[in-house]
Every structure is written in structure tokens, then in C-alpha cells.
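Naming follows writing order (A, B, C, D, E and F), and every chain is counted from residue 1.
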Amino acid sequence: MRRATVRGLLVGRFQPFHSGHLGVVRAIRAGRPDDALLLGIGSAQESYTWENPFTAGERFEMIVRAVDDAALERIEIVPLADIHQHALWVRHLEGLLPPIDRVYTNNALTALLFERAGYEVARPALRNRARFEGRQIRARLASDRGWKELVPRPVARYLETIDAPARLALLAPNVRRGTDGPRR
Amino acid sequence: MRRATVRGLLVGRFQPFHSGHLGVVRAIRAGRPDDALLLGIGSAQESYTWENPFTAGERFEMIVRAVDDAALERIEIVPLADIHQHALWVRHLEGLLPPIDRVYTNNALTALLFERAGYEVARPALRNRARFEGRQIRARLASDRGWKELVPRPVARYLETIDAPARLALLAPNVRRGTDGPRR
Amino acid sequence: MRRATVRGLLVGRFQPFHSGHLGVVRAIRAGRPDDALLLGIGSAQESYTWENPFTAGERFEMIVRAVDDAALERIEIVPLADIHQHALWVRHLEGLLPPIDRVYTNNALTALLFERAGYEVARPALRNRARFEGRQIRARLASDRGWKELVPRPVARYLETIDAPARLALLAPNVRRGTDGPRR
Amino acid sequence: MRRATVRGLLVGRFQPFHSGHLGVVRAIRAGRPDDALLLGIGSAQESYTWENPFTAGERFEMIVRAVDDAALERIEIVPLADIHQHALWVRHLEGLLPPIDRVYTNNALTALLFERAGYEVARPALRNRARFEGRQIRARLASDRGWKELVPRPVARYLETIDAPARLALLAPNVRRGTDGPRR
Amino acid sequence: MRRATVRGLLVGRFQPFHSGHLGVVRAIRAGRPDDALLLGIGSAQESYTWENPFTAGERFEMIVRAVDDAALERIEIVPLADIHQHALWVRHLEGLLPPIDRVYTNNALTALLFERAGYEVARPALRNRARFEGRQIRARLASDRGWKELVPRPVARYLETIDAPARLALLAPNVRRGTDGPRR
Amino acid sequence: MRRATVRGLLVGRFQPFHSGHLGVVRAIRAGRPDDALLLGIGSAQESYTWENPFTAGERFEMIVRAVDDAALERIEIVPLADIHQHALWVRHLEGLLPPIDRVYTNNALTALLFERAGYEVARPALRNRARFEGRQIRARLASDRGWKELVPRPVARYLETIDAPARLALLAPNVRRGTDGPRR
């Protein structure tokens, strides 16, 4: 039987969803306009840490706003909690998601794990990688300087709504925080 | 700031996604054509049991095929693993999903938990509830009789592809199974 | 070195904390007025089910109100989440709680597990066991009839505050609930 | 490269390890004397329940004693905790165990899951199934009557050492146990 | 209805419970003598690591001895296991504890999470913070020099009873430990 | 009753199983030829990380091949997943494994935890510790230089079969990997 939908998968933590991510999504959609593209929000269970400041719900909302604004279609978004067992990760995703035909990643481990499981893996071209890098953008958010030009405009507005710079300033690793908080 | 999207939430286990589910989705979409509707696939971690025979990925695929065939738009689909703690459930979903404005449910406990958390809860009208009932449809699948007319046509084709009747026959509670299998 | 405190342990689910429980606590306190008595709230992670309708926090509050009203002293209260591994249960409690010198229980399995680990186990006399039984009191709550005389007065007032009868009515096993709620 | 060892897998809960199990192991060893046979102790995390009265360690010890006494060789024994996700179970075992060439089972679900993953599944002939059935033997243990002839002699001696009849009597479902014990 | 008890919450890991902690507790009790004060032992599941050398039970015992010796009343002590999901942490505590009216913390993240959930957060004045700092005291314990004057006298005696200096010496990060131990 | 088997336990992560490990096993077997020796594969749930590159199944296979080649007998191999709670670790192993009479370790924490639980702990003599060190061997694997002489010959062949040098090169900490992979 014919499969209803051909579907690509792009997994990221999207902390935050920035213009580099949007560029990759745009290029994948342009290259294969008939396919669906599933964006998996990795480490979905994490939030309020320096590495993962935003909840999966907040990241979901960023992506919805950015792809709507860019009029990108056939995009699916799914939060993916970590399972902390690399050898099972691909099988875990297979049980959670509809069939995937193609994986997009520049992460060597992700590529290895999917290739070992028999998937075709494509390396999307990254525009200006050094500039669009999550950790770098989080550092700029923490000092509230020079971050707005690195994220899609609707994401910038949303990050202001939730007062992201204050949150990042508080979570930045160099901040003295005391010893009685929730632990990770 | 204006919210980018008004969004409803309908949670179900969709074991399988049947014509009663599709009718509810159609009615919600018709009543509020500008809203997004998020379908949460509950008990996403479960599969290959009598109560939950299909993986979340298989259920995701059923829904995609049914809503595409019905030309329903603005539908989002998300697998939701159980957290087994009712008092935290709504808060858990809030961390995982984009903002929800309205919850659709006929389940009294779901309604109670969302109302306690301040949500507006709507009870969608069910067409022919007795007929479209998951457990009943699973029983028919197990004997491979009279189930096709209870699910959307693309779901029926998909269930045949994955040989659902054989799986259900094997999982049915009256079947003698021996004692050395994986346990739940 | 002399131990600072001699301490007994009484574990229960306290769904709800009823007058039978209070009678046992009173008798233990009277028999050993110099000891501390630690009340462990079992299955602390559970709530909003028929077996465990109240959160650990609600049960904690019931106990605080009842023992304050009864002017009972030297009572400690600790929520205890299940670990689902009987063979480790006593060792798990030892890591979580201050030293325990005596265990009070009428549960044969609890007694066995503690005795295997070298503890002295006492069987507290139960006054009118048939009358003061959690399941029975939950059933009366569900129909809002004849429950107030079975719980301490401050617990009765608290249960009314949180509208316990409505919650129990909703969770009672005979209630038709639909299929799309959070699962356990 | 040549594989160092050809290996079969037999998974059971072995609650307890009885003469029916020993007969199956003996037959597999006789049929393929050059292969290793790995015995997986399922539901290894469970103990002190009616379904799973013995710890994995106790079951391990029963098997060691029985196979030593029967002079069976090339037996490997591994405790396997449940993962509660059927769709991932085979992949989970693959990550935990050395390569398996053949699976022995009379459990239809186990057979389905391994066949779906590409394994050869053999159905071992069971001698006198009705007689050698775990639940039945546990019931006999609970009343301490007629169980010794159903388990290998060294297992019978071991079960007496750990006073298994008293444990089973206490765990049997018809026993009134009170409400304050550890919960499952 | 009037609440039975007004209650403050102070969360700490108390590794160990030192004189700085005791000073804060004393000040809170003095400022609001009619309120109960709940001390939450954070990271309760941790022990035998450099960051968390003492079990929750040992920390519970330290606190009991120190507050009894200081004749502080209306103190409640509860072990709190981490849930590793910051966005749910406050809701998790709400389900586990009786109602909290006021949170005491100098931890910026704790303050943020409670304020987001609508709580009043007070910053207790710390006497001599540089001196009373858990990590610093653990380092002194590891070399068994100059730690006794930094903890309440009954805690010092207890730490000697359990031979805390030897344990800390063994867990200190600079110690060569080999590769075959339990992992974290 | 006489115990059927006297049994030693040696726990390691065996990433990979190298000639230093084999030397220890050989020495233990030679010193107590009548005892069984159980090799516990620690951190069994881990794989595809720099610290734990090989699955438990791969490590199991390495050990089987090495001990078969060395004609070592009475060896048992068991994967042991971490439980992340040091205070419970020994009790957890007791529930999972047959009775242990003697523990072999050079890890100070392992020794402390077992001695606290009443075990006899022996420190096996290590031949040339600096040379046979897991981290060092993993670094050599990552650059595919000078590793073969540090592992038993059958392990070297196996590591080539699974292309271990390529995997280690990819997992090495100095490698730039991008941000969209599975997280730990």
C-alpha cells in the first residue's frame, strides 16, 4: 500500500529556536515541498537550566510562531523527552512517531545512531554556523545584548513576553546562587 | 501581546482512532474554524497490550491519514506519555505543550483536573457513543468481524497493513498465553 | 553515644485519616509518652484515584489538624512515595528517615519485611476495625452519607472544605467515565 | 568473522524454577549441545508479591542449584528487569545481552515481538503443562502441600531454607492483610 | 474556613546541617513564633557523593538533634527527592506538603519558581555567609580540621558517631578511586 | 544447610574489557579455584558515550570471548544497571544476585559500601595499573593507535568487528558535534 505521507525528521533542542534553525527548515521544505517535516523538540523534560532554559511548551510556541510567520507548511512539532539510553533512542522514536523516511542532522552521533538503524541521513547546509549557535545566543540573552537579530522576529517578541533575558541572567553559570534550590 | 494562535486540546488514547473520534474532531473544527486543535495521544508509552495495542507512532499515523483524508486543517498531533500522578498531570502538559485555551473532554476526571487548574472545559457532543467505543472496536478487531465500518476508511486500510486483527487476537484477554513473556 | 530520640514508625495511606487511625496514634502515644512517633504517609505520589483520592499534602493537612486538635505531641509526619520493590522497601526507608526503634503495624507483609530486617514489630490493638476501614469510609464519602462520624471532627471540616464527597463520587469505580482521561 | 558462541535465549519468571522448566532446559541442551543457553529471569525487580514472591537473586540461586545438580553445562543466567514498553523490549534485551541466535518460547506475545524483530523462534515441547504451572505451584506452596514433587530436589531444599511456604501463605490473595503496607 | 496552621517553608540540602542553617531557623521562628516552619531536605535520594555525602535519614537526625537542643518548636522536617524538572517542582511540592504560606530562600532560582507560582518569598538574613557554607564545611570534614565550630554541638557529636570525616575523606574529589565502583 | 556454591563478586564497567581485567580475573580464579566468580557489568544501561562507549551486550560478548579463550571456568556474567542511590546499592545487588561471599574491588567507595553491609572485601593486586586503565585505552582507540596490545586478543578482534575505533573517534570529548543530538 502507498504510504500516505513522506516525512523527514529534524531533531533539535531549540534553546531557543533561532534564525539558523529557521533557515534549515526553510531549505528542507524548499528541497522537498511534498514531504512533511517533523520537528522533534529534544530534551523536552528539561527547563530552567542554563543549557535548557525554556520549557518544551515554550519552544513549541516559538516554532509555531516562526513557521506561521514564514508561511511554512506541512510542519509537525513533537516534544521528545530524553530516554538517556543511546542504544535505544532510535527505536524509542520509532515507537512514538509516525514513519520517518529521512533524517536531517549535522550531529555525528545522531547520524551514526540512525544510520546503524538503516535510515538515510542528510546533512543540511548551515548558513553561518558560528553566528547561529544556541549557547552563544543564550549568553547574549543573559546580558540582553545583540540577541534579537539572531532569532526570527516573532520569536524575539515572544521571548520578550516571557521576559527571557531576566531568566537567562539568573540561570547563567557565573551567577552566585546559594545552595538551597532545586537540584539537577 | 496578542497570542499567535488560539488552541483547543482533545486528549484520547485513540486505540484505535475511530469514526466517533473523527466526528468529534470535525465538530470542533467546524465550531471554531480559526482555532488550532491539538490532539494529544494519551498513554503514548503503551503498546502491545489489550488496552493499548497500538504504539503511539501507529496511532499518530492513523490520525494523520484520517484528518488528511477528511481535509481537516489546523490539526496538531502530540504523543503524551503517562506520568502516573493525577495531581501533576495538567501542570505536566502545560510544560510540554504550547498554551491551551480550551479543553474538550467527556471524561469527568479530565474535566475536574483541568477546571481545578482554571481551564474552560467543553463537553463535545458524541454521536452514537455506544457504537463508537474503543474497547468494543478492539473486540471486533480480535475476531476480525464488523470493525471496518467503525473506523475512517484510511484507518481501516492502515489497520490491515499492519495486520491489526492478528495482533488483537493475540492480545485478547481470553487467550491462553503461557507464563514466560514480557510482563506489565 | 546515647540516641537523642527513641522513635516509633506507623505507616498508613490515610485515605482519609479516620478515627480508627487517631485511636491507634493515641494508644501508641499513651503507651510510650517519651518516644517520638513518625507517621509515614504511604503511596504519597498517588492522588485522584479511588484507592488514593487525596494528595499526600491533603493527607498531611488532615493529620496535622487531627493531632493538633487532640493535643498529641511528639508526632512527626513524612510523605513516603512507593518504590515498587518490596525487597528494598525497608532499606529505602532507612535511607530516608531518622533511626526507627519500633514499628507498629497490623499488616502482615509490612511486619514480615521489617522483621526480616531485624526490627521489633508491635501490633497495635484496633478498636472496631470493621467500622473504621478506609475503603468503607471512601464509599460513604462517595454517597455523602454517614462518613462524618467516622473521622475526627477537624478532618470532617477539612474534607468539606476541599469538597471531598464530590471528588469521591467522581472517582467511584461504578461511575461511567469515558475513555479519554489521564491513565494510571 | 566467526561468532565465538551460538546462543539460545529462554525467558521466564521462574516463580519458582520448577521441574517443567528444568525439562525444557534439558531438552534444549540435548538438542543443541554446542550452543550456550541464556536463561533470562524476567520481572527481576519484583518480589514479595503473589505473582512474584521470590527475588531475582533467590530465583538465580534456584536455577544455579538445579542446573548444577543436573550437570547441565553452558548455561548463563541473567536477571532482566521489566521495562514496561513492549515495543522496545527486544531492542532493550539486545542492548543488554550478547548476541542471541535463537529464542525459545511458548508465549505468543514473546514470539510475536521477537519474530517482528527478525529472530528465529522455537516452541519447546512442554511435558505435562497442566501439572507444571507456576501459579499452581505457588498455591500449593501457600498451603504447604504437594509442591515438593513439582520442583527439582535442590530447589525444594532451597525453598525450605528460605521458608517459602510461610512467605507464600502470607502473600496469597485470599489473605486479609490490612491497609497500611507497602503498595504496588 | 480558617486554616489550622500558618506555615513557612525552608528548603536546603543540609549537607551537613550547620550553624548558619540553625541561625536562619532561629531567626524565622523568632520573627513568626506562631507559624509552623517546615524544613524540606532537598536531594533526599542522594548520599555517599561529595556534594551529598549524608543520607536524608542522617540529615533528618542532625536537624532533630539540633532543633531539640536549641529548644525550637513547631518545626516539621520532610525529605524531598529531586524530580529533575524545574518547571514542575513547585507543583510537585504542593502535592506532597500541607499548604505553605511563605517561602524562605536566598536561592534566586527557588525564588523565581515560587514567585511565578504566586508565593510570597522572603530572603532570610544570613549571618556570616562565607563562613557557613556547606562545601567549605565538607572540605574541612574531609581533612578533619576546623569543622566542629561550624556546626551545632549535637550535630558535631552525631557526625563523629557516624565517622563523617572518614567518609568525606573518601568522597573528596581529589581522591584517586579506581574505576569499578557504583556510578552516578 | 550447606550453600551450593561459594561465590565472589567483581564489579567493573569494562569499557572495554582489557588485559588488566583479565589478569585480575585469572588471579582470583587461581587463588580460589572452587569458587564461582560473578562479573557484574556496571552502568549496564549506558552506551555510546565517551565514558561508556559499548553496550552491556557488547561488553558481555567481550568477556565471554576473553574468558573462553583463557579457558577460565566458573565465571558468571551479569549486566547491572545503575540505581543512582549509593545507600541502596548493595541491597539492590543482594536482591538481584545469588548470595555473594566475597567482594573484590580496589574502589574505595565500593569497599566502604560493602563493608558497611557486612561483607568481606579483598583488594586484588593490579599488575601495571597505569598501563591498563580504561580511559587511557579508550583514548588510544579513538586515535586507533597502540590499543591492541592492551586487550586480550579475542577482544581486539571483536572490537575490530564492531569498528570500535570509529565509534570512539566520534565520541571523544574534543570532537565538535553540533547541538541537535540525543542528550544525556
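Basically, a contact is a pair of C-beta atoms (placed from the backbone, for glycine too) under 8 Å apart; a residue touches a chain by one contact, two chains touch by 3 or more.
No experiment lies behind these values; they were computed from the predicted model shown.
Measuring from the averaged C-alpha position of chain A to that of chain F gives a distance of 36 Å.
Averaged Cα coordinates give chain B a centre that lies 44 Å from the centre of chain E. Multi-chain contact residues, meaning those touching two or more other chains, occur in chain A at positions 46-47, 55, 85, 87, 94-95.
Taken as a contact graph, the chains fit none of the simple arrangements: neither line, ring, star nor complete graph. Chains touching one another, given as pairs, are A-B, A-D, A-E, A-F, B-C, B-D, B-E, C-D, C-E, C-F, D-F, E-F. Listed in rising order, the residues of chain C touching chain B in the complex are 45-49, 55, 167, 170-171, 175, 177-184. Interface residues of chain B facing chain A in the complex, by the touch rule stated above, are 1, 4-5, 44, 47, 55-57, 60-61, 64-65, 68, 76-79, 81, 94-99, 154, 157-158, 161. By the touch rule above, chain E contacts chain B in their complex via residues 85, 87-88, 91-92, 94-95.
The touching residues of chain C, counted against chain D in their complex, run 10-13, 42-43, 46, 82, 84-87, 89, 105-110, 112-113, 133-135.
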